[in-house]
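Before anything else, here is the set of structures, which you'll find just below.
Paired with chain B in one complex and with chain C in the other, chain A is shared by the two complexes that follow.
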Partner chain A sequence: MKESRLMLIQYATAVVAVALVSVHLIMQGVIYPYTTAISFSNILSIYNNGFYAVFLEALLVVVLVHGFNGVRIILHEIRQTRAWGTWVDAGTVVAIVVTVGYGTRTVILAVFGGSPA
Partner chain B sequence: MPDSMAVGEAKAKNRRGVRAWLNPYHYNIERWAYFFQRVTGVAILAYVLGHLGDTSFFVGGPTGTGPNPSAWSFIGSIFENSFGHLILILVVLVLFFHGVNGVRLILAEFGVILHKPSAIEYPYRPRGLGHGQRALIYVGIAIAVVAAVWAFLVLFEGMG
Partner chain C sequence: MQRFDPLRDAKPRMMEYAVPRREGMTVLDALLYARDYLDHSIALRFSCRQASCGSCGMKINGRPRLACYTQVAELGGERVVAQPMDNFVIIKDLVTDLESFFAKHREMMPYVIRADTDELEHPSAEYLMKPEELEKVLQFTYCIKCGLCTSSCPTAATDSDFPGPQALTQAYRYAMDPRDEGGRKRLELLDSVHGVWRCHYAGSCSYVCPKGVDPALGIQLLKRHVMSGKTPRREGAKVFSAPTPQK
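Presenting the complex of A and B:
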């Protein structure tokens, strides 16, 4: 993918992340008191609400793509050889896939994992 | 040979990498903002990865199979204390600076808050960096401090 397009993805994910993280923080410290927000029953009810489960998945993808692409940009700034660039790009894709996969597993198990153990 | 050595030395000088970030000689506020945008970005990513790990304990951790109150209580006993809350306040501080400064960078990238180009004259101040975008750096710092105070009140004073 062209570097200019990757930069546009970086900006787009930044704008979306600002919106999603703002909502996430408001839910943690404004809508509910913090101790209520992190209680097991409250989080379970959030995951059981389909809208919020999709919201959390979107937050996960957007923040991780933005974060790892940002690190990729820094690493490209530090050194500019073809081999370095290839490894950095490949490593970024692997890091995004692994971390999004792990986070998605949490969301799926929270939504479809049955009643609390 | 001497020419190629000179070229090599010049390349090495220009390839200072991360060390160049740590040399604040002749930094202006925009250069500091560049430095902190990268440092806070890496710090936030590190926090997000940790958060990914601790939230997975809601479903029992890496080997869990579904919602698990005892695993969630266990991870809460590790992180829900004064030190953990202090870390969260720092995260809020850098998160808000990174967000506002990032919006500034996007606006600058698309030319929204840049001055029109003009002839280069002594004392060679960067005229493209208009007052609007410089003010946004200070706005970012102010919003970050307010957000950190809000986080302190939520976490330590039970506000919210």
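Presenting the complex of A and C:
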């Protein structure tokens, strides 16, 4: 993929992440008091709300793509060999797929009543 | 000033020279005095002494500047610290190797590219730019390739493949020229992992430029064109017929 497309994704995920994280923090810190917001039963009940489950999945994807792509950029600036570049790009894709996959598994299990632990 | 001979020294060292101060004295004047009367082994590069050639770029009191364009009086205090530019290999003392800098400049194809090469080499007419077209690129034509922008660039400090502010600015300058047809070629060249996107807009290049060029602006404008993949819409340079000789 062209670097300009990757940067477009980086900028777009940054903007979307600001919005999603803001809503998330308001939900977890303002609407619900922080101490009750992070209780296990409260989190499970949030997942039962289909809209919020989709919201959390979107937050997961956006933040991980933005974060790992950012790390990829930093790593490219540290070293400039061809092999390093290939490993960094491949590692970024693997890291995104694995973490998004694991997070999505947690969301799905929580939504359908399984144990995410 | 910082002294370092890679063939003899393990690491750079600082040496102090006492130079009699006179009104209007530039840092270059002071360094030349030190070289001529105090230590003949001092190595520095200079040429025009009027901020036109870009040869005497160095770090003066911690900031990249031209030695010929910096008066001792404007620095304040009794002590002036001269060091070679950052982000360049030191050849000796204040002389840095600009080879890679010029190579990156060449990579940007800093010349007008046209399909009609015969016309380019043997123009049949004048190709004029509109004032507003000239205005878009004029400040970037003032670049004297001194290297101060690259010296101050945080990305250039870590990414040796990054073209640097000077080369990117020149790419923008020629990509925006209405007489040029090589814009797309340049934009593709810059759309790489070590290309234009590695500029994080620190803006230090614009801060240190002795000619008032704003490379950071040029790079941001360049990003817009690289992102869209389009060269600017242009009507083409206005062609004036060559004047016919009058008898």
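Observations on the model:
One rule holds in what follows: the second predicted complex is superposed on the first by the 113 of 117 C-alpha atoms of A that agree within 3 Å, B and C clash if a C-alpha of one lies under 4 Å from a C-alpha of the other, contacts with A are read in each partner's own complex, and residues count from 1 in each chain.
The rule is simple: a residue touches a chain if its C-beta (ideal position, glycine included) is under 8 Å from a C-beta of that chain, and two chains touch if they have at least 3 such contacts.
Given the structure is predicted, the values throughout are model-derived calculations rather than measurements.
Within the superposed three-chain model, A:Gly103 lies in touch with chain B and out of touch with chain C [touch as defined at top]. Looking at the shared chain after the overlay, A:Tyr34 reaches chain B, while chain C stays out of its contact range. Among chain B and chain C, the chain that touches a larger number of residues in chain A is B.
Applying the stated contact rule after C-alpha superposition, one finds that A:Val23 touches neither chain B nor chain C. In the superposed model, A:Ile78 makes contact with both chain B and chain C. Of the two partner chains, chain C is the only one touched by A:Ser4; chain B is not.
In the overlay built on the shared chain, the residue A:Gly70 is in contact with chain B alone; chain C does not reach it. Of the two partner chains placed by superposition, A:Ala90 touches none, neither chain B nor chain C.
Once the two complexes are overlaid on the shared chain, A:Ile43 sits against chain B while remaining clear of chain C. Chain A residues in contact with chain B (one complex) as well as with chain C (other complex) are 78.
Contact residues of chain A toward chain B in the complex are 11, 14-15, 17-18, 21, 25, 28-30, 32-35, 37-38, 40, 43-44, 47, 60, 63-64, 67-68, 70-71, 74, 78-79, 99, 102-103, 105-106, 109-110, 113-117. For chain B in complex with chain A, the residues that touch the partner chain are 15, 17-18, 38, 41-42, 44-45, 48-49, 52, 55-56, 58-60, 64-70, 72-73, 76, 80, 92, 95, 99, 102-103, 106, 109, 150-151, 154-155, 158-160. Of all residues in chain A, only 2-4, 7-8, 73, 76-78, 80, 85 touch chain C in the complex they form. Against chain A, the residues of chain C that register as touching in their complex are 155, 158-162, 191-195, 197-198, 226-227, 229.
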